[in-house]
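There are structures below to look over.
Next come two complexes, and both contain chain A; in the first it sits with chain B, in the second with chain C.
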Partner chain A sequence: MSRKSVANLALVVVALLMPAAARGNEYYLHVYMMCAINTIAAVSLRSIAKTGQMSIGQAGFMAVGAYASSILATKMNLPVYWAMLMGGFASMLLAALIGFPLSRIRTVYFVTVTMFLGEIIRLVAFEWRSVTGGSTGLESIPPPAAFSMGILHVNFANRIYFCYLALFVLLFVILILYNIERSHAGTVLSAIGQEESLSASVGINVASYKVLILCVGCFFTGLAGSLYAHYMTVLNPDAFSIFTSLYVLIYVVVGGRAFAGPIVGAVILTLIPEIFAALKEYQPFVFVLILFLVVFLLPGGLTDLPRRIRESAGRTSAGEAG
Partner chain B sequence: MMAELNPLSSCRSGLQPYPPTTMFETKKLTKYFGGVCAVNALDLVVGEKEIIGLIGPNGAGKTTVFNLITGFIRPSGGSIVLNGENLVGKKPHTIAERGIARTFQIAKSFPQFTVIQNMAAAGHLFGGAGFWEGIVRTPRYRRKERNIQEHSMRTLSFVGLEAWKDAIAGTLPHAHQKLLGVAMALAAAPKLLLLDEPLEGMSAEEVDRALEIISAIRAQGIAVLLIEHNMRAVMRICDKIVVISFGEEIARGTPEEVKQNDEVIKAYLGAASYAE
Partner chain C sequence: MLWQGLMNGLSAGWIYVLVALGLTLVFGIMRTVQFSHGEIYMLGAHTVYYCSVAMGINMIASFGIAAAALFLLGVIIERLLFRRFRGQIEPSIIVAIGLILLFQTVAVIAFGSNEKTVPRLIPGVLTIGEIRIAWDRVLTMCVGAGAMLVLFAFIKGTKLGQAMLASSQDPEAATLQGVNVNHVSAVAMGTGSALAAVAGGLMGSVFTVEPFMGSFAITKGLAVIILGGMGSIGGAVVGGLVLGLVDGVVSLYSSMTMAYIVGFALIVLVLIIRPKGLMGGD
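== the complex of A and B ==
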């Protein structure tokens, strides 16, 4: 096994042990949940953005997943596991519907349209009171049903099991997206992001690849939304404002271009307002400040930091030798 | 270095029957941009294994013809027929699938990729690797991936770029960028290759090498439609030449016929002193 895969395995083990270590501390477990949910949204956006589709409407897709899943579970009594899955599919359906028109626009136009899309979804959730509960939102959204496997009794009334469920979903999402990334499809998606007309001229169906990855990414984003809804048990449109979309984007940019980028970005930026609790009020300012610092000082993102350090270390030692 | 080059068929016209059977043609191909006629009723005929030159002064509409043929813009009228199928209205990727590949006047590559990654992306049609099977990495998918890799390396050594396979495409020297463009077009396994000024900015030796490669492409059974300003090269390599000016054909024929055509000398070659 290579050193890299040992390190990855170690990280997974740490992620597995953390909720157990924080057992009983509701606050730590809550932060863990938020890290997991934000990371799912961020890795999904990174895959979508590979083709040049930098969306700032991801909160909208989270909202669709969250509301669809909650409504199915509360009003139609669907088992929660199924409801959560359907939340993902609802978000994916929306992506499929708007994917083709979206695939034809680029750069700032794409950004603008997705921004308004996110806001439209939030406003629908706000105004469609009979279904979404309007500004008060939905209440007593049930957690997934408890189950037992041998000596393991899983009851989602205990936050720790929710953490493990979120981690399980997160690892699944990472596995799928990583496999897409390193497969031929990953090459094609990145090629589309770099040179659309050249991609088309070598026979790549640009539009359908863009829609495909949008669907996959939005399925996972919707899943993150439904995890959030059933974990919080209450839901209102404020959670899916444009800030949420922007934060997801900032996680990706701050994290950097590497596959691990959005994971690092989401975890660190979710932790910062928690560690420096006094800053919480100023979260948008702090995030924008961090974004500026990264864009100007470290354009490759946080995951580019080790390479930069190695490089400058190499330069100084070379300078001493000379 | 020139893999799979068959010396017999690389000489002009080869040993095939003449005139060769038509594989591609445009009939009355026309394009208006607003009120401006960019291409007017252009008839092009390309036979099997032929190299056809498309020349004309700057702004004559040559690149527009390529954009029309490859589906990047829609013609205002006329037809584009490859092996009996009309391609008008088809999307660029479908046209590539039917067997028409192109290079771009300003060499394009995927700049962040290495050369071999560029080739893998360009080998998309050749490999036929799907989206979903790549996630689960079925044995069939892995086989396809290996095929793409082998095909990429073969095509790279065909144009003589195998030593550059791990270089970042955006950092390649100009002539190599041009060759990479040709290699990528070939990776799509075309029947007809459109080359848009492949020799532009190349040194004399590089031009010679590029011409060898173009002959070798023909020897592989691929027809070539060539836009080029390097007259010496065009006269040397093309079987037939079509000259257009302001979107209209002003002459066509063998290089010798075109060289002596008064209309061409007047409109394009300018000084009569050109004809050596």
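== the complex of A and C ==
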């Protein structure tokens, strides 16, 4: 096995062991859960943004997933596992509906459209009291049903099982998106992101590919929203503000272009506010500092750091070359 | 009833024009992706509040101080942050997002997150027949209209204004014509920020002053210039009035939130069908 595969496997094992190690510590488990949810959203956004579709409206898609899933589970008594999947599909449906018109819009305008879309979704959730509970939102959202497998008794009243559910969803999302990236489709998507007009001129159906990855990404984003809703058991529109969307984008940008980028970005930037919580209202300064450091010094993101170090080490040891 | 709604809409419209004022210059004309413009507006509002209410300085001077201070801040952020990424959209957006977080945090720490009220600039209400409109809203309308005229005259009529237009259209060609693009960009950002400060100060007295008032300004401001067309000052006026009228009329029959939804949906449609906006060129 290559060094990289061993490293990745080790990380997965660590991720699997952490909730068990934190058993009983509600706070650590909560942070783990939020890391997982944020990472799902970040990984999805990166895949979408690779085609040039930089979205600052992902909170809107999470909201669609969260509300759809919660409403189906509470008002229609749909089993929660199905409700969460439906939440993902609801989000994907929205992406499919607006995807084609959106695919024709240039970057700056695209960013702005997604901002307004996210706001519209939040305002609708705020206004549509009969369905979404308005500003007070929904409560008593049920967790997934408990089950037993041999000696394993899974009861979601215990947070640890939520953590594992989120982890498995995350691993599934990573598996799917990584394989898409490595496939022929992934090459096409990358080409579209780099040179859209050129891609179109060689016969690539740019719009279809863009909509496709938007739908896939938004399905997972909706799923993240559903997980959030059933985990928190209460839901209101404040959770899906423009700042939530901006944070997801920041996770991707700070993490970097590589596939591991959003994972690194989401985990680190979810942990930072917790680590520096003692700073209270000064805590966002740490965030901002990291953001500016990355933008100015490390444009490739945190995952670019090893390469940068290797390069400068290579330069100093090689000395003056011809 | 309808006339009152239309009047409310018109007054809201001119307020949106006022709020979009600096953004028209910075985003529309100079094409800088200054998403933190709303926070500049917020800082301006707080400066006016602290000068006038906490320190007892007279209103006009307070506005002057706020405009000068935010002009300086605008120049600084252009020089230190935006100049480096001029023309590059993605890093500029990230820088702007960082500034939003920075300014909001500073405001919460320095000023506290509770709402503050600036006393009404002109008390009382103007009544024309059955229609009532508060005098301070009339003032904001007049300032909005006047400022737009001044900005229009500045861009079309002065060398500096034309230089700004030139340096955003084609920096190289502008440089060949003797325009110092860096200098012009800094002045544009400073002026835009000063305008935002004035808008914030006026709005602070119509509504309230609090650290999160900036998101209203940036969303409405962007909506106005997109509807009207980027780079067009006349477009900003048209965009603002249309948006205001939509808000005024829809809120008569439904709620304010519904009015916002309709307004934003309109913007989304414009961006899909005709991103240039109603009067945009280019």
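Worth a mention:
Note that the second predicted complex is superposed on the first by the 309 of 322 C-alpha atoms of A that agree within 3 Å, B and C clash if a C-alpha of one lies under 4 Å from a C-alpha of the other, contacts with A are read in each partner's own complex, and residues count from 1 in each chain.
Just so we're on the same page, a contact is a pair of C-beta atoms (placed from the backbone, for glycine too) under 8 Å apart; a residue touches a chain by one contact, two chains touch by 3 or more.
Computed from a predicted model, the values in this text were never measured in an experiment.
Room for both chain B and chain C is found when the two structures are superposed via chain A, with no clash between them. Superposing both complexes on chain A places the Cα centres of chain B and chain C at an angle of 80° as seen from the Cα centre of chain A, in steps of 10.
In the superposition on chain A, contact of A:176 is made with chain B only, not with chain C. Look at A:295: by the touch rule set out above, it reaches chain C but stays clear of chain B. Touch criterion met: A:200 reaches chain B, while chain C stays clear of it. Residue by residue along chain A, chain B and chain C are tallied for touches, and C comes out ahead.
Legend: residue contacts after superposition of the two complexes on their common chain; A:81 is shown touching neither chain B nor chain C.
In the superposed model, A:185 makes contact with chain B only, not with chain C. Of the two partner chains, neither chain B nor chain C is touched by A:28. Between chain B and chain C in the chain A overlay, the least Cα distance found is 14 Å. Taken together, the two structures place no residue of chain A in contact with chain B in one case and with chain C in the other. In the complex of the two chains, the chain C residues touching chain A come out as 33, 84-85, 89-91, 93-95, 97-98, 100-102, 104-105, 108-109, 215, 219, 222-223, 226, 255, 257-258, 260-261, 264-265, 267-268, 271-272, 275. Within the complex formed with chain A, the residues of chain B that make contact are 70, 72, 91-93, 96-97, 101-102, 104, 108-113, 117, 120-122, 124-125, 127, 129-131, 134-137, 141, 144-145, 148, 184-185, 187-188.
Against chain C, the residues of chain A that register as touching in their complex are 54, 101-102, 104-109, 111-113, 115-117, 119-120, 123-124, 126-127, 242, 246, 249-250, 253, 281-282, 284-285, 287-288, 291-292, 295-296, 299.
On the side of chain A, the complex with chain B involves touching residues 176, 179-180, 183-188, 190-191, 194-195, 197-206, 209, 212.
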